[in-house]
Structure formats: structure tokens, C-alpha cells
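Read through the structures below before going on.
Below are two complexes that have chain A in common, paired first with chain B and then with chain C.
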Partner chain A sequence: MLDSAKNMKTSLIRDEGIIKSASVLTDEQVRKVINDVLKNETGARLKTYVDTCVHCGLCSEACHYYLSHDKDPSYSPAGKVKQTMWEMIKRKGDVGTAAIQRMSEIASTECNLCRRCAMYCPLGVDIAYIMLVVRRICNKLGVTPTYIEDTSHSHSVTMNQMWVKDDEWIDTLQWQEEEAAEEIPNLRIPLDKEGADFMYSVIGPEPKFRAQLIYQAAVIFNAAGLNWTMPSSPGWDNSDMAMYTGDHEIMGRVKKVHFETAMRLKVKRIVMGECGHAFRSVYDMGNRWLGWKMPPLPMVHSIEFFHDLIKEGKLKLKKKFESPVTLHDPCNVVRGRGLHEMARYIVGESCEEFIEMHPNREHNYCCCAGGGVINCGPPYRNTRVDGNRIKAEQLFAAKSRGAKTIIAPCHNCHGGLEDIVEHYGLHMDIKFFGDILYDLIEKPE
Partner chain B sequence: MHSIYNFVSGPMVWVAFIVFIGGCLYRLLSMGILAAKRDNVIFSYASPYYGMRSILRWLTPFATTNMRKHPGMTVVTFIFHFCLLLSPLFVYGHIALISESWNVSWWYLPDSVGDVMAFLVVGACAFFMIRRLKDPEVKYLTSASDFVILAIVAAPFLTGFWTYHQWPGYSICGILHILSGEIMLMAIPFTRLSHMIFFPFTRGYIGSEFGAVRHVQDW
Partner chain C sequence: MFKKILFATTASPASDNAAHVAFDLAKKYEAELKVFHVFGLPSRGFSTTVKDVRTGEEMANDQDYTNWVLEEMKNTYEKQSENVKSLDFQTLAGVPHTEILREARKYDADLIVMGAHTREEDVGASRYRNVIGSTMQRVARGAKCPVLIVSRPCTTCFWYFSNVVFGTDFSKASDSAFKFAFRVSNFIGCKLYLFHCLDMSSIASGKTFSQEEVEEQIQKAKEKIEKRYVSQMGDFDNYEVEVLEGIPYIEIVKYSRRVNGDLIIMAHHAKEIDPEKALLGSTVEQVVLRASCPVASVNRPDKVEEE
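Moving on, here comes the complex of A and B:
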């Protein structure tokens, strides 16, 4: 029965890019690329993970896809490895052009690389790493979902995620500066200020769709009297979808420009907006590809930055946010950097009433948008929403205990949670810390 | 019969231990060389403190979220591994044989305790087998080799138990006991039983990444 279910899924490949790319591939090319990557790019880690897995199934309950699909074992973490990497190894790469399409979908859209399963596997197998190797193989074959591949192309051409042109970037910052000047006349968004205390970096979608976030950040920094800057050149974008397609070469180019921009401005550190995957790229993956054990200059996520500003008394709040809030812990800054207690400190300082969702902290369920899944676009919207019913249940439980607003300090989480809130009719607001702090801080006259 | 007994309890023991120890060393060494060649990043992130923190945490019953989620499995797994590792080292029959050959001996378990431990190992294997057959998430991952491995592990304990109780055919069972023990030893480095030697490395590495780089616990 399970095999027929699997075949049914194969016949339902939704992504045109995957289908088209696979149509011009030969089985021989698939075999060659798989063996190439396995032989030349992986080693002891992958081999040990595959040899050591005792097929115990104890990782299953870590995965929100598994829980949301009534415990369908094909969605368990090891189940997904079985359908992809085990097949590739068992058949010595000879999986064929039909199977590779489904493997690409599994690795790119049915796993968020959220690493929750790494905390459930008794042997410590890093399944996200294995899924990323599968994505890289698929990417080398060109069978990556269209939308995220386009994003990766944007990174390659423009060094940002959203095809934002160089002049549009500067224009957007000046536009936000003008807007903000109506509220705070002397407010500046300082461009290319050498030797500033920090470079503020954002992701491509901020200038493109959520420019008010840059406005809000400028107001907050201004209120705290900070010495900061933003670059006028490419390198301002910290996001990285190439990391998630497995295109490490583009990831490396993008991160190199990012780090070099900060170096050119001689800033003391990088402060980044409320984004999770960008944090993973700058703190954990991009730096490694470039040969830096840790990022070449200090960098902090907004959660840590706001935490410090409030703690040091640099940001004063007029009042607290009244509506009861719950907090969604984004995987990339919680399982990726342990910022959960700092986030709770900010909530405690800025909100009247806090209602925990369960599970929480490093055990929180993923938003199902991360890991590049939301970037795979409309063909996979339902994969994300149906694949995270458990999140809706978790949010509903928090709502039934009074929570009205979800704080989610991550862009992808926002996108994912918005769809879940809408689809399951939860009627909850979703906010960034920046939204809340912008409203509450004492602003200079 | 005598010659078979002499063979399995003589030269075959040497072969088994050489394959077991040599095989483990070979696997560890070749994996280490492969790691140095292809994944040398592992060495720069490995943290003895956080690696040990993770290993000890996962060796403590009910110390992790997942262990508490599966209390039955946790109890059976810990009893299984405890008995599996200790009883062969401290059961009287083994120590008597070693003492006979080399005149060295050490503390041994009362017979009844060794007997119960062997029974528990076999019982745990039955539990694992039922789990493989019944639980959909385990069944999905299971292939024939998983049952073979279970049989390899259960056999020495089942035959040892049988022989000790001198049930019918126990003399043949005694030979099978020795032989199956040797097979298990030789299988460890070359099958998924190798998680015995690789556990400290996989666990320690993820513990290092979570603890030292990501500043978060991995349980």
C-alpha cells in the first residue's frame, strides 16, 4: 500500500521546472551526478550516518509533516532518507529520471531542514545534512523547484534575493528616510558610513515588500542613539536561498560580498534583521563554505540586539503591549543559536501578558515555510499548509488560553504562519519584535 | 561433535576476536582517514565538553524528551544494552573458560542473574521484532537485514540460556552458542551493529555542533 501511495505521489509532480529539467536528462546523467557528489563531496559524515542508522523510527515524532499527516511513515525523517539517500546509495546512483523528480520534491518541499529530528535521534544523525546533500544532487541535475531556483539566480546576478536593482535599493532607503522624517525630522538612514558601530543588514524581501520594517528599524536605532550604517552597494542582503538549493558556489559568492561589504565599511559588527535562514547562512553555513570557522566579524540577530538594548537601558518603553501574545521560536535562531531565553526577556519587558505555546523553545514546531520551502512558491503552498496541521493545533491551543498575537522574529516564519492562520481560520495577528518595539518605545521629540 | 566443539572453542575464537577487534580498528581508522580527507571540518567543530555532555545525557535513562515520549522503548532499550554488554563479560561460564586457559579470572555474576540477563536480552529482541512488524513508522524503515541483525544478536543469548538449563539438545546448543557469539562479534564492525563503535562519534559531533556553535541543548 505504501508503495502505491508513493507512486501516486510521483505522478503528481507539480513543478514545471522539475518536470522540464528531468525531461532532458538521461538516467546515465543522473547516475553520474549522484556518484560524483557522493564520491567527491561527501565522506565520513554521510557514510557514518547511513551505516549507523538502526532504522528504529524514533525520529518520526520530531517531524511536523509526519505528525500533520496522521503519522504517515513516508513523512518521517528517516522515511524521507529512505526514499532518497538510501535509494541513491543502494542503487549506486541508478535511480533514473522519474525517481529523481520525486526525490527533489521530498528534499526541497517536504523537509524544512529545521533540525528538530537531530534532537530526537538517539544516535545523533543529522538528517537535515543528508537532505541538503540530496538537494545539492538534484540542483546539479537542474531538478530544483522553479521558484527557489529563480531566487538563487537572483542571488547570482544581483547579490540579493529579489532582483532588486542597485538604484532601487538606494531609492528605497531614501524613500523610507523621507517617510520617517515626517515623524522624526532629523532621522537618517546613514549610507556607507565608515567606522560605524554596526552595519544593519536585511533580506531582499524587506525593500521589496516590507519596506516599513527598515523604517521601523531606523526609528528604533535613532531612539537608542546608535551609530550605524547601511551599505549602498550589493552586499546589503544577508539572505541566501542558494544555501537551500544546495548551490554552495552561489552561497559562497553571496556571503563573500556580504562580509566584504562590512569589512569595507570598517564596522565593528553586523546586526541583522529578524530573519532566521539568513542567520543560518551568515553564522553557520556561508562562513564555513568560505573557510571561516565562525563569521569573520561579529554578527548578531535582532533578538540578541534588542535584548541587549533593553537590558542596557538604551531603549525605554512607554508602556507594554496590551493584547496577550504567544511566541513562535524560529528554528534557525533557536535550534541554530539558542536565542529563546533572550526572546522571552524581550517579551517579558514589552508585553503585558505572555502565553507559551507547547512545545516551545528548542522543541517548537517549525513554521513549515523555512528551509526554502515557502520559496518553492505557489505549487507547494498546500504542501506547506497541509503539512503543518500540527502547528495550527499548537497555535489554536495557545489561542484558546487567550493568546491573540503571535510574535515570530523571522521572515519565513511570518510567511508560513500567515498561511496557516488564514487556512485554518485561526484569526491571530502575527508580529515581529520590531513592530512591537517601534510602537512602544519612547521616541525623541 | 568433539572436533566441531574443539574448532569453535579453539581457533574460531581467535578468528572471531581478530575480526572483531581488527574490524573495529579498521572501520574507525578508515573512517578517520576519510573524515580527514573529506570532512576535516568535523575536527575543528568537535568539542570534548559538549560532545561528552551529549553522550552522557543520551546514556542516562529518561534524560531526553524523546526517551520520555517512549517510556516502554526506553526501558527495554536500556535493559537490553546493559545486559547485552555486561553479561558476556561477567557470566560464570565465560570466566571459568578463560581461567582454565589462561589462569586469569575476575568477579562474576551469580548464575541466576546471568540467566535472567540472557532472558531479558532475548525478550528485548522479541520486543524489537514485534515493533518492527507492528509499528508503521518502524515497519516502513525495516528491511530483511534488520531481522537478520536481530537474529544475530538474539542467538547467542537464546542458545546460552538453553544450554545453561540443559534443555533437550543442549550439547549441540552449546556449540551453537559459541558459534553464534562468534558470528555476532564478527558482525559488529561490518553491519549496523557498528553503531556500537560509531555512537560516541555521531552523538558527540551533533552535541558539539548544538552546544559549542549553536549554544543550545540537543535533547
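Moving on, here comes the complex of A and C:
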């Protein structure tokens, strides 16, 4: 293991955002920012974690990076903390500008904040929290990977992740409404309908790249006869990359707009699309940064929402999905919210044959795209694909028992698994619950 | 005939043949022409860089680069731009098929012109090959207006077309394709060939037909063409009906060759299997790959009704 931050290996990837920002920093600035954050923002939580960790190493086996790199200890959760936060504390912030680059890389791209390690720590240390503090320190120093920082800027300027302009958003909804109305006459995507039962919010990439998903959701809601709406104003995007850069100030602004939009529309609750990190932001981190212990109005993830619709008989399926499926449990809605049994209920109702991957539920391996890692962009593609060989092995085992389709109810998981399936030649399909239900439900003539 | 034409270009030599047709059409019909180029994004994580089509290098996706691409597009098409009534160039970053469909709707285009697979010898061809192929299919499937796909040099030009081949499978989408085929033939005053192929591939038929059955079905299909299409053509009598048995995409190409077809018009079905999943692609794609003439895909009635 590395003894000194000053001797730490340099960054593995050339990321202009990290290199350029670090080139104008002084060691003194690094020291000051580290100490400011540690002193003013971390409090008892970090101190408890640091003081209680007994260096037992039980967290190692939890981490997909560690397992995928032949148990290289520098990839174990404790090892990653040792290379970052422990150095910062031990040296009282005096780690220097060279080390801070590698620390940013470790925290931003070699940890998905998936919290699988927290399941294995006998003392309950939340290592994801520690890595987030490291990210925040790096972000305050401007040393954050370029791509995700750009995304965070988009949040700041437009209140959405993809620089989608206000008129483009409305235009996309109208476009998808027209398309869907060809299949189901009189179908509407109701904009700004005050007092609707729920506001449906999505992530920025949907209108930009995957407008079809909005179409599918509209058809499903229509078939279930629901009273719903989407906002015409900023606040429609529930995603949040600022949460993952550690820029809590932007995170707070973005979440505030999202909640306030729902309140302005006087809806009874928010229903979120199949995205995991957005759920973490709305349900756990953003609301708490804003001072609400729980979200200020009821909100559910699509898994819970679909589960209820099927259970209550509002969605009727005309047949079951025939090809054998396996289910990938996304960290943020399973370890973060416990929706795994509801997801299995939907699978049971909608699919002929279900093959569990192992491990599963709260012990499932991460997709390696989440935690903002995929949003750090192409420079880190190999980091996350090579860094998740264990996932390929897990999927292959499910495939060898017959699974052909992977259901992954999370956008980041989709992106990560697509790359893994392609890189390791697994030839498996990846679907959202929305894809499956859209095909199977009884639609009005 | 056409008022607004959207030419979706790869901004590379791969689209030269399509460009030729697009500009010619715009001049002939005094239509507005929009030259539209989407540069693909490298990955799902939204990026600040794009890959330059010509050099394959990473470029910063900013206003300077966009302006430079626009300037390059204008230069490339400078000569052909003369005498076009109204010409506009636009470029942006995104998923090509999504942005083309979005723009076609916004612009209210009544014809989209695009190339198909890029040629091997182009710089970046191998990289773009799959993208362009699936872009073409996805646009053809989703567009509300006819999509003219030009993958080879077009020896004739649109108003010189003398033999239009309409291929049908009697679907609802084919009705729209027929409307367009008839309108074009009637407008130009050329011959219209109405063609259907009895699908004999074992996958489709599931069994071996006796010759009597084949002939019986051919007769039925001919009657269907008379009833469904010919009855709508009024005084127009410059047409021929043909039904053959075989593999549809092969037979339509062979038939077109036999009658010197210079434009094939057919439907690309909305409900067809996801083009990314289908190994061989749809009939339309197979025809585009094999035919020596342009192929127009029409899926919906919106833009093909008589005015």
C-alpha cells in the first residue's frame, strides 16, 4: 500500500478538466479547502466513521472494482479511503496539488457510491459518504472530471442535465403526444394540469436521446386511465449530476425547483421514471440538503408505481413476456429504498420465466456506471468496463442458466450494462420495466 | 409536388449522390431546401467534444466548431446551391435519427432526402457505417413524410423518372406508399408498375406450396391490386401489374431491373422489428442496398394526400 500521498501514483487517465484545474492550484489552497470542508461540513458523521473503522478489510470483498482487479487492495473500499480521506486527515490537508488529481480520479471514477460495501461493514461505515466528501473537496478545488462538470453546469444554467431549452422540452412532449396519438387516438400528455394525481418527472436524456420512453409512459398511463401531468417549465428534470460532483449548492437549487414545480401544480405526488440516481437525489440527498428529512411531498419510483398499478388491477396485461429474464437490482432504489421485492412482483406478473442472478437484491453487484462514473465520459469507459469483470461473470452465469433479457429499471444501469454486455460479448437484451409493460398491456382500441 | 425538402446529410462524400438529387429536386420544384447535419455523440454521458466526420479527431463542441462545420457545408455544396430558391444550412449535436425526425416535424418537411450506407473508401466510413444504416431505417420508419434514399449515383433525375415501381404487401402503410407513387407518376406523367411478391421464404410461408396454390394466390393478389389501387387511379392508364413468387426484396429488385425502374416506392412498417435487432434488416433496407436506383419509403398518410 502507498504510504504517502506525495508518492502516490499519478492519474491514470488524462482528463483535461482535472489537469488544467490542478495546474493553477497551490498546495496552500488545497490545504485550506480540505481543512475548511473537514471542519465546517463533516462533523460527527465523518469523525465516527474514521474513529470506528478497525481496518478489518471485510469491505474489500464487497467492491466490484476490487474483485474485478484480482483483489488488488488499492481498489478495496478501505484502500480507496486510505489513499484519499485518511491522507487528507493525517496530513492535515497538506497533500499537495499532484495527489489531489489522483484522489479526484479515485473518488469520481473508481467508486460508484453504490454502498454495497456498507452492507459488509460490521460497524456500518458508509464509505460512499466518505468518497462523496472527497469529491466535494476536489470539486471546490475545481478538480473534477470534465464531462460530469459540464453536466453539472447544465443543471446550474438550465435546471436540466442536457442543456435542453425550454421550448425544446415542450416541443418534444408535443411531438411524442402526436406520435402516441397515432397509436391511441385522443391520447394526451397533459401539460401543467393543476391538481392532477401525480406529476411525472424524467431525466434530461429522455427528451434528448430517448423520447420514445416518454411516449411509452404516456401510453401506459393512458391505458390505466390515470389523472397525470407533466410540467411545461424547468423542474421537469429530476436528475442530478451535481450531487455526484459534490456541488451541493447546485444540487439544492435543482431539487428545490423540482419540488416547487410539483407544488405549483398542486399535484398529490411525484412519480419518477426508471432512474436510480435521480431517486437518491430526490429521496435522500437533495431533500436533506434543503432541510427536509423526507421529501416535502409524496414521491414514488416507477417500480413502486407499476407495482401498485398491477396490484390494484389498473394495468391489465394481455400476455406475458416470453423470453426468460433476469433482474438487475439498481443500488439507489434497492439498497436505497428496498424496492427489490416490488420489482420481483412486477417480473412475476409480466414475465413467463424469471432467472435470478447471484448475488441479488441488496447484495447485487453494481453496474459500474452509477455514481456519476458513466457521466465522467469516454475517457473513463475502460475504467468502468474493465473494472466490472465480476458483473460480466455474474450475468454470464445467469445467461448460462437461460436468461436472455436483463431487466434494469435504471438509466445509469442501462448504460453501464450495455457497455459490459458489448465488451464481454454476452449478447443479452436490456430492457426497462416500461419497455416490457408497454408491449404487454391491454391498450384501448 | 414538394414545397419543403429536408436533406439529411452526413456532411461527407457518402451523401454526394443524395445531395445531387436533393438539390436538383429543390430547383425543379422551386422548393425550400434545408441541409441538415447531425454529428453523433460519442457516448451516453453527454460530452463537450465530438468526433469530426472528416478527420475522426476529437473537437470541442462549441459555437466555433459549429460555425466551421456550417461554413464547410456551404463550401461543399456551393456550386449546387446556385438557383435554389430558398436554402438554409443547419447543424447540431445529437442522436442522428432522433434529431432528423425532430427537425422534419418542426420544419414541416414534405420530403426527406438522405443517403444510405457510406462507402468503404470514405474516411470514417467504417465508423459511420452502422450508424448511417440504422439512422436511415429509423428515419424511414418514423417519418411522417416520404423518405427518399439515394445510395448510388442517380443516372436520371426526379422529373425524368420514366418507370416508377411501387412494391406493396397490402398493409396500411403500403396504402400511403401507393398514394405517393400514384401522385408522383401522375405528376411526372410516367409509367407506374404495381408489384407484389408472394413471400416464399420458408420462414414466412412455413410450408411448401403446391404450384396450384402459388398460382391461385398470385391471381388473388392481382385482383387485390386492381381493387385496392387501380380502382383509385381514375383515367390514369399508363400502368402495369405484376405479382411474382419468391423472396420479396430479391424479386422487387429483379423486377425493377427488368422494367428499367428508376424509382422504387414502398412502405417501411412502423411495427416492424427493431432495426437494431434484425440481423438482415427490413425489406426496405435490403432493397436499398441492392437496387441501382433511389428508393422512397413512405409509411404514413400525412404528407401524401392530394392537395
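For the reader, a short list of remarks on this structure follows.
Throughout what follows, the second predicted complex is superposed on the first by the 434 of 445 C-alpha atoms of A that agree within 3 Å, B and C clash if a C-alpha of one lies under 4 Å from a C-alpha of the other, contacts with A are read in each partner's own complex, and residues count from 1 in each chain.
The rule is short, and it goes like this: a contact is a pair of C-beta atoms (placed from the backbone, for glycine too) under 8 Å apart; a residue touches a chain by one contact, two chains touch by 3 or more.
Just so you know, these numbers come straight off a predicted model, no measurement behind them.
Judged by the touch definition given at the top, the superposed model places A:I19 against neither chain B nor chain C. Contacts of A:S154 after superposition on the shared chain: chain C is touched, whereas chain B is not.
Comparing chain B with chain C, more residues of chain A are touched by B. Within the superposed three-chain model, A:R337 lies in touch with chain B and out of touch with chain C [touch as defined at top].
Shared-chain residue A:E362: touches chain B; no touch with chain C. On the side of chain B, the complex with chain A involves touching residues 31-32, 34-35, 37-39, 41-42, 44-45, 54, 58, 64-66, 69-70, 73, 77, 135-143, 146, 192, 194-195, 198-199, 201-207, 209-210, 213-219. Residues of chain A that touch chain B in their complex: 2, 41-45, 47-49, 51-58, 60-62, 66, 71, 73-74, 76, 78-79, 82, 118-120, 122-126, 284, 288, 293-294, 334-338, 340, 362-363. Those residues of chain C whose C-beta lies close enough to touch chain A in the complex are 42-48, 94-95, 98, 102, 105-106, 142, 300. Partner chain C is touched in their complex by these residues of chain A: 146-148, 150-151, 154, 161-163, 171-172, 175, 178-179, 182, 205, 208-209, 211, 374-378, 381, 415.
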